[in-house]
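Next come two complexes, and both contain subunit A; in the first it sits with subunit B, in the second with subunit C.
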Partner chain A sequence: MSNKSLSLNGGGIMDKMTKHKDLIKVIIFLAFIAFCYFDSYFSIVGIRSCVNAMAVIGLVLISGYTRQIHLGQMAFVGLGAYTSAILMTKLGWNFWLTIPCAIIVAGLIGALLGIPTLRLRDGPYLALVTQIFGEVIYVLIINLEPLTGGTFGINGIPAPSVGSVSFANPSLLLLVTAAFTMLAFFVANKIAKSKYGRFFISIRESEAAAQSVGVNTMKYKIIAFTLSSAFAGLAGVFYAQCFGVINATEFRWSFSLELLSMAIIGGIASLEGGVLGAITLTVALEMLRPLGSAARMIAYGVLVILVLAFLPDGIISLIGKRWSEIKLMFSDRIKVFTDDRKKKRPKKAKVDA
Partner chain B sequence: MLEIKNLTCHYGVIRALHDISMTIPDDGIFAVIGANGAGKTTLINSIAGLVTPTEGSINFNGTEITELHTKDVIRNGIALCPEGRRVFKSISVYENLVAGAYIMKDKKRVEENIEEVFRLFPRLKEREKQLAGTLSGGEQQMLAVGRALMTDPKLLLLDEPSMGLAPNLIDFVFETMERIHKELHIPIIVVEQNSEMALSVADYAYVLEVGEMTLQGTGQELLESDEVKNKYLGA
Partner chain C sequence: MGLFILQIVNGLVIGMLYGLAALGFSMIFKALGYMNFAHADTIMIGAIVYYLLITALNMPFYLAFFLALILTMGYGVFTEKILFVRFRRTSPITFMLVAMSLSTVVKNVTLLLFGPLPHGLSMNYTDAYFMVGGMKISLNNFVILGIALLILLILQLFFTKTKFGLSIRMAQDDPDTASVMGVNVLSTRAATFGISAGLGCVAGMLMGPMFSISTELGTQISLKSFISAVIGGLGNFVGSVCGGLIVGVVESLGATYVSSGYKDVIVYIAGIIVLGFFPYGIFRRVATKH
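Our next item is the complex of A and B:
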């Protein structure tokens, strides 16, 4: 009762609790990285997980927080990857310098695409435009052969190094990638907790209400989209490092859908959910590799449907809940499917004050 | 005093409002009635700065607000409660009110205004910590109005406050409106499809028809006018 604060993040006791939880999250992430570190195959899986996590962090900002459906995130990862790769192979730039460049290029192109698109009224426009944009980028990469290597892609992207220490070894590269993933998460988390995050959420909740209290919703949608693209650009830099080879087909729209489903399965409403989804699905897809690519995608699709059906808030909604609460959640969802005709289920039964 | 002169609005090539002029003094309840698509919401939105007029001017207490962004319109003392009970569903009632005053720097004033809203709507005080999405329709409407009152408005714009509410709640909404008017001494412009209710509480009212103002008069006059009776009151 007395715990009133003008922030939207609640008060002191909660802060302590979340700090505790934050620490656990970091430990789980580090444990995953440590597990991957000792095996060179798993190191690559770990790097891919981190790359996907960075791209999904961006997606959570635009599609989770602001609820604007983005179907072309992989194209922005591609922009980052190609920027970094071209600067390194053609101009001999230092790896570390290509990181800010990739972020800026992806973010800038994101802004250029977002400004006209998000000016259009609500609706599926952004989804349509971003999906087509991904294909345009693909065609451009194929045709700008002198710069991008066309259909052959770019090979032999040099590994990063500091002084005489080279990060060519996947285990070492994993550590660098993980460090940047944590940095990306930290930055995104700061944004999400800032007034920007609250504006993004207000757009998701009700654009009309947000406008009525004076939020320039168009501006904040464009900011969210630009940020999302910038995170994808960062992811791209490490994507290029992962195999040292990039090819235009890897950035087409089906991979953007993969990223979006990672975010949804993990829990698109929170950054933690997005990262969790990116890691679990990247690992799961690797484990399914022996099944062949068709069966893999089917398994993936089934997983998406199951999660949407039974865990609409993503896997993250299971975490930190008691078994009895989880059982209740599932029985609630099953009820929705069995007798929704008769009565709508009461939304999150709340105890009246 | 709000002065609207020769206001014309377009959505692309479609003309939504044509040559509207009205003067709203500093006290009273003013109703704008009309059928769907008559331009009522466009009128309210252009006052609030959500729609930029193609022609004409809007002046509030001596300040030209025609081209201002919503944020600055609110700073000038105009508050909008949008149609359809738009609340921020996944945050609490209290936080919704805080969000309503996000343009205000003075935190103490925000706290005072929250207390004021709770005084007007004790029901919201009871549900202070509850998520806004779990409120009933009537309570959400109260919250949307309360949120609009958070910025110390000198003019309140209400867009279809009775939309989608049960008949007994509609009475309540209009009573509340009269109460706000009486207690806060601010003029209210209410846009309504429920013409009978709107006219019965309004001091003065305007009728919009396909973007043009066809009739105006006191609420009583319009209630008794044959044209209004035929078209809007179904008598």
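Our next item is the complex of A and C:
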């Protein structure tokens, strides 16, 4: 039971979701966007939530569905952001054309990174490699100064426009970002429910069993990683638009950890959980901003540990359950963490670990 | 020629310290099969405690060294007893995330207590130097190497000559058999965490005067010590130290002869390549019991 702490009822929740509930989810999301639309400060918060949601959707595919821990998602967001920003400022490309470019660049680099790394069956290799990769990207951005502006970053990224309508206003940009987030969720949901999603889940549940029934686990892990990187690239395009300024330090690994924490707290086993985590935490942490970034990160860390200990499926697993069910769930988890301490063992046989 | 020798010496010294940190990391991996991402904190805590003891309390460095070592080992045991022991039946991934979250918490608590400014600790064990090919090579480097080797020697004696050391090694190899033989696996686990934290602390204390002491110290070193551990093969102790030496020499030669801006990238990319093609380290081609 405790061995599967990241993977309980992701599939189960989705099977239970009826069309009715899908509609409720869309309405809740649109209500959130509408709430943000009328205030220019909240519009920026809304854009950040959507950007994080897109990146977390990618993360759920690789870390939630195939359960390969990915610690460099923000580096891929950075790749997307820099691709888009460089194409727009240096080459004067149209914003809409940079979207596929950013997706392709991030996805391609993800595939190149995934091929040597994901060949290994088990072990923590992807976590290490992606963490290292994040630092590689950071150092490269700092050093490739003519292209990326080095430590100064890229300023004055032009806003997207259609004809004469410019989306420079945050509220309008929010609508575009929200539309793309919904599109990304829709695509990811289709993937998750297709045979690919089933293959990903089979890798999560048992890689050996998946191999024994003929699933090419390496191939599907690489596909999941590439898709995850592509979603991060898409998020990066809008990240660059959010403030119109990007800087290398925004893509370092502590921010990747932030994205992973969002996914875990929301519920990494399902896409809905990831999006819920991304939105609630972005907004909550925006409210906590006066406390300073150190307190914010402490709150993150403590929350993640508590969620991992007591709520391994994230806050999404609380939704739609009765109070008695929730109480039962918690008492189960508490038992897992405390039973061996209460048990008095005979003195001679210290069996443990 | 002189420059080359100087860089080799610098690389060996810094590599030795990467190796010490990597050894602590590798030790936990061998004992638990988990990656302890919170290991980087012990490097930072060691350096900061050492700095505070020397500057704020005006202690002589050898006293500060032992006190900081004991405090950090205590911290290692404390994290195991409070937190990690409760996650010992979870999947490696959950453990990894718990360790990373702990690391985030500890780093930011330290940031609040110690402040974000980096502090310099100018401390030389000796001012003597000798000339090779027109380059000054400080004897200080060799003192640091000597301290590191002494620590490794003590550790080796502890693991081969004392009963508790032997039982720790036994529990690392096979916890189930060890517990049947009467080894208290929970206490050897705690001891492993303590020793691992102590190694990180020594690396941090020796490294502190070379870099600036700040809460970022652990992050800077941890990635390279992870790479060292992986190059040497995770769980292979001699390999970890050798891996550290290789990383140190490559880094320092890369900084001199290729580009100082890209020295980290060289090490990182070499690390990714080694991970991709030699997942069990460069000294082994297949998974074996070490």
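Definition applied: the second predicted complex is superposed on the first by the 320 of 353 C-alpha atoms of A that agree within 3 Å, B and C clash if a C-alpha of one lies under 4 Å from a C-alpha of the other, contacts with A are read in each partner's own complex, and residues count from 1 in each chain.
What we mean here is this: a residue touches a chain if its C-beta (ideal position, glycine included) is under 8 Å from a C-beta of that chain, and two chains touch if they have at least 3 such contacts.
Note that the structure is predicted; figures quoted are calculated from it, not measured.
Ranking subunit B and subunit C by residues of subunit A touched puts C first. Legend: residue contacts after superposition of the two complexes on their common chain; A:202 is shown touching subunit B, with no touch to subunit C. In the superposition on chain A, contact of A:100 is made with neither subunit B nor subunit C. Of the two partner chains, subunit C is the only one that A:260 touches; subunit B does not reach it. By the document's definition of touching, neither partner reaches A:320: not subunit B, not subunit C.
When the two complexes are overlaid on their common chain A, residue A:213 makes contact with subunit B while staying clear of subunit C. Once the two complexes are overlaid on the shared chain, A:127 sits against subunit C while remaining clear of subunit B. Common to the subunit B-facing and subunit C-facing surfaces of subunit A are residues 4, 6, 350, 352-353. Against subunit A, in their complex, subunit B makes its touches with residues 48, 50, 69-71, 73-74, 80-84, 86-91, 94-95, 98-103, 107, 110-111, 126-131, 133-134, 144, 147-148, 151.
On the subunit C side of its complex with subunit A, the touching residues are 35, 83, 86-94, 96-98, 100-105, 107-109, 111-112, 171, 175-176, 179-180, 182-186, 189, 223, 226-227, 230, 234, 261-262, 264-265, 268-269, 271-273, 275-277, 279. Per the touch definition, subunit A reaches subunit C in the complex via residues 2-6, 67, 69, 71, 113, 116-117, 119-120, 123-125, 127-129, 131-133, 135-136, 139-140, 142-143, 254, 257, 260-261, 264, 293-295, 297-298, 300-302, 304-305, 308-309, 312, 336-337, 350-353. Of all residues in subunit A, only 4, 6, 8, 195, 198, 201-202, 205-206, 208-216, 347-348, 350, 352-353 touch subunit B in the complex they form.
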